[in-house]
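Supplied in structure tokens, the structure appears directly below.
Naming follows writing order (A, B, C and D), and every chain is counted from residue 1.
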Amino acid sequence: MSVFVKLIAATPEADRVVAAAAKICYSPSGAAEIFDGLDTAKTASFLKMLREAGHLSPFEHASFTFAAEGLSRVATHQLVRHRMASYSQQSQRYVGMTGNDCIVPPTVKSDPRALALFREQTESAQRTYDELVALGIPKEDARFILPHGAETRIVLTMNARELHHFFALRLCRRAQWEIRELAREMLRAVRAAAPVLFAAAGPSCVTEGSCHEAHSCGQPYKDIEDMLSQ
Amino acid sequence: MSVFVKLIAATPEADRVVAAAAKICYSPSGAAEIFDGLDTAKTASFLKMLREAGHLSPFEHASFTFAAEGLSRVATHQLVRHRMASYSQQSQRYVGMTGNDCIVPPTVKSDPRALALFREQTESAQRTYDELVALGIPKEDARFILPHGAETRIVLTMNARELHHFFALRLCRRAQWEIRELAREMLRAVRAAAPVLFAAAGPSCVTEGSCHEAHSCGQPYKDIEDMLSQ
Amino acid sequence: MSVFVKLIAATPEADRVVAAAAKICYSPSGAAEIFDGLDTAKTASFLKMLREAGHLSPFEHASFTFAAEGLSRVATHQLVRHRMASYSQQSQRYVGMTGNDCIVPPTVKSDPRALALFREQTESAQRTYDELVALGIPKEDARFILPHGAETRIVLTMNARELHHFFALRLCRRAQWEIRELAREMLRAVRAAAPVLFAAAGPSCVTEGSCHEAHSCGQPYKDIEDMLSQ
Amino acid sequence: MSVFVKLIAATPEADRVVAAAAKICYSPSGAAEIFDGLDTAKTASFLKMLREAGHLSPFEHASFTFAAEGLSRVATHQLVRHRMASYSQQSQRYVGMTGNDCIVPPTVKSDPRALALFREQTESAQRTYDELVALGIPKEDARFILPHGAETRIVLTMNARELHHFFALRLCRRAQWEIRELAREMLRAVRAAAPVLFAAAGPSCVTEGSCHEAHSCGQPYKDIEDMLSQ
């Protein structure tokens, strides 16, 4: 695995903030009073009820910021299609790409002939990039020759509601392997920071015990631990 | 003033998180390395440069959650038009409105005849609400008779980019007085938590020294302190 | 029923536009070529497949603009919480409210004592509003005394994906009656303009034959016609 | 120039729809009545006033759908960062890339040595892709070796407000050349369909006669015609 994810910021006491925000909808009390009255057990049972009822809008009040490295521009082009999120990505217009690695898909890695072809091609692309830059071609134009799999870095922020949506889509076995790795590392990181908000997460085989996909993969995960171990 | 705002959650070290996210765009280094290399002075000068250049997308990585009380449904109806934000509001479908106050506009407060009319009317509305509920009318229908100015409570989350946009629009003297009070209290709260991100904020008379409104009020604020003191 | 909805603009040939946009994802051909090759039957079967598989992102390319009248500010305060939409609403800051009606909930209408109390109160609110304006109170402040149920006008635009989400939530029997009326009129209007995109729509009792609500109403609609007739 | 843009759908009578939606905010009349009372001259002067005052929210009611071909994945990765829009893009997971062209930047095209290196490299990338697929590597993994400049197709929908924002950023001389070409073709297309909404558009040198960029290019466009001719 090559994706590396670090949680660089998170809403402090995220579980309690979400529970307090949700409770204000149904209570004559103020938020401060509600917040102080929420112990760990009450927070957990209330959030579980919200999650199971699909009342996820209060989950938006908890925000998580990740730094991700070791992923390809193939993966980030998919990632940034999630519009309910914020992104800052390493620019190929300004940052020279000399020496950058190309992500190698597992199917290529496990086939020696494919791997040799792949390596040869990425090295040749890097040489051509360097030669174009030496000829005076701007970096922003020379990069057209770099492979899609070129490694990039990105900082992204999503709230807990969007994260649940992201995990439901991107942890499914039918998702592309690289964004699935990214999603798995993100879920591991947020579960450490907000265990109650993410007590259950993932595709419906994990959260509901059944598959809603039109073309099911036929291999449901047993549970969240099973999903995270793969 | 009746609006009461409490910052109940904020991205920790918001100034540095935003600076690190922005720097990754222009640097071959990774986010963790960048984050550790950012001292207070470098963070401040870098964020100032971003703000003045209008490159505000990295500001989205800093998130702020407020609990607001003592504001009317007139104000929240305006507030929730800001779509780049998250809201949880006290429900009038489920929470009975007996005894709730009505926000009194300053122009009414300062005119004894207007105030007497206003009070009489809000009391009569409350009595009718109570009578309708006593007749078996559901709370969600009885509330149709409550005044627009009825007090409500709301929890809201905005990121620092949207907050800058919100402050630019809603701290202008031409904005409605109540949402202006709300914006002022919110700015006070975030300046304590993220002084560099919000070193400058507000309408263009404050941030640029000139007015872009088609119909200017003719009374530009001198500076951010002047604006916050009013 | 008091809500009046008029579809004032819609993407022409919306069914075919959505089908062509979706097909481009899976085809080596260009959009123009795909568009010309789509007859009515192909469009219908392809859109049905997308809808049932939950692949609704191409539905975003079809846009619908409605003018709605005869609904209360209670309803529009709920409505504008849908953030994937655009709104232009009659302003109470600038438009005087003299003579405007108040929406009367059906539970009130059907109870003569409740209706008498309600009428008396709305008339008294209107008188107070007029007196406050006569005293020199600005319209934007006098409106604090107007009832929540005061009639308003709004123009709104949603795309077909958001409309499906809106219909799923707001046509459920558990939704508030007024926004349910609005949703029903909107669905009637778009079904005339884009019959294939909206061949099925509404809560899951209609679209999937089963209820996902935590607290089901116990009275599932038989089908879309049954739902639209109520 | 290689980008090819076709406007495949647009809100009918977009100019009048936007003007009617805006007028409802300030008028006691209903939308239908307002719509019928708007002639061409009134529409034009009203929209000009809104545009110059920066009151662009009613512009959201006009929606435009484009099919774009002949652009690279470099450009679409930038494009899809605009989150207030809808996209359907040709998939490299499902559509085989054999025979697809690579976009050649003008700086490369005009330098024979650079062009020879570039061509050699794109041909070698295509050969490797074909060989990997022949070895049984899935298309979604073989594409990691394809150049960033590989041609793609996309259908996108933006409303007139987001389009104005897009044109302001992406028609600036400092924007990347390819997305600038795309923006120019899009502006040409919408000006034919909604001449009043887009009577003025582009960076501030065109719309306001002055530059707000921190690092100005020093070559302001004379006017919109000058900008569109380049």
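Here is the rule we use: a contact is a pair of C-beta atoms (placed from the backbone, for glycine too) under 8 Å apart; a residue touches a chain by one contact, two chains touch by 3 or more.
Here the structure is a predicted model, which is why all the values come from computation and not from measurement.
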- Item | Partner chains that chain B and chain C have in common | A, D
- How would the chain C/chain D interface be labelled, same or different, where same requires over half of its residue numbers to be shared? same
- Query: Where the CA atoms of chain A average out and where those of chain C average out, how many Å apart are those spots?
  - Reply: 33
- What residues in chain A touch two or more of the other chains? 87
- Which residues of chain D touch chain A in their complex? 72-74, 76-77, 80-81, 83, 87, 92-93, 102-105, 107-108, 111, 113-114, 117-118, 120-122, 124-125, 128, 131-132, 135-138, 140-141, 143-150, 176
- Item | Residues of chain C defined as touching chain D within the complex | 6, 8-14, 17, 20-22, 24-28, 30-32, 35, 57-58, 60-63, 65, 67, 69, 86-91, 94-96, 153-155, 157, 159
- Which positions of chain D touch chain B when the two form their complex? 49, 52-54, 212-214
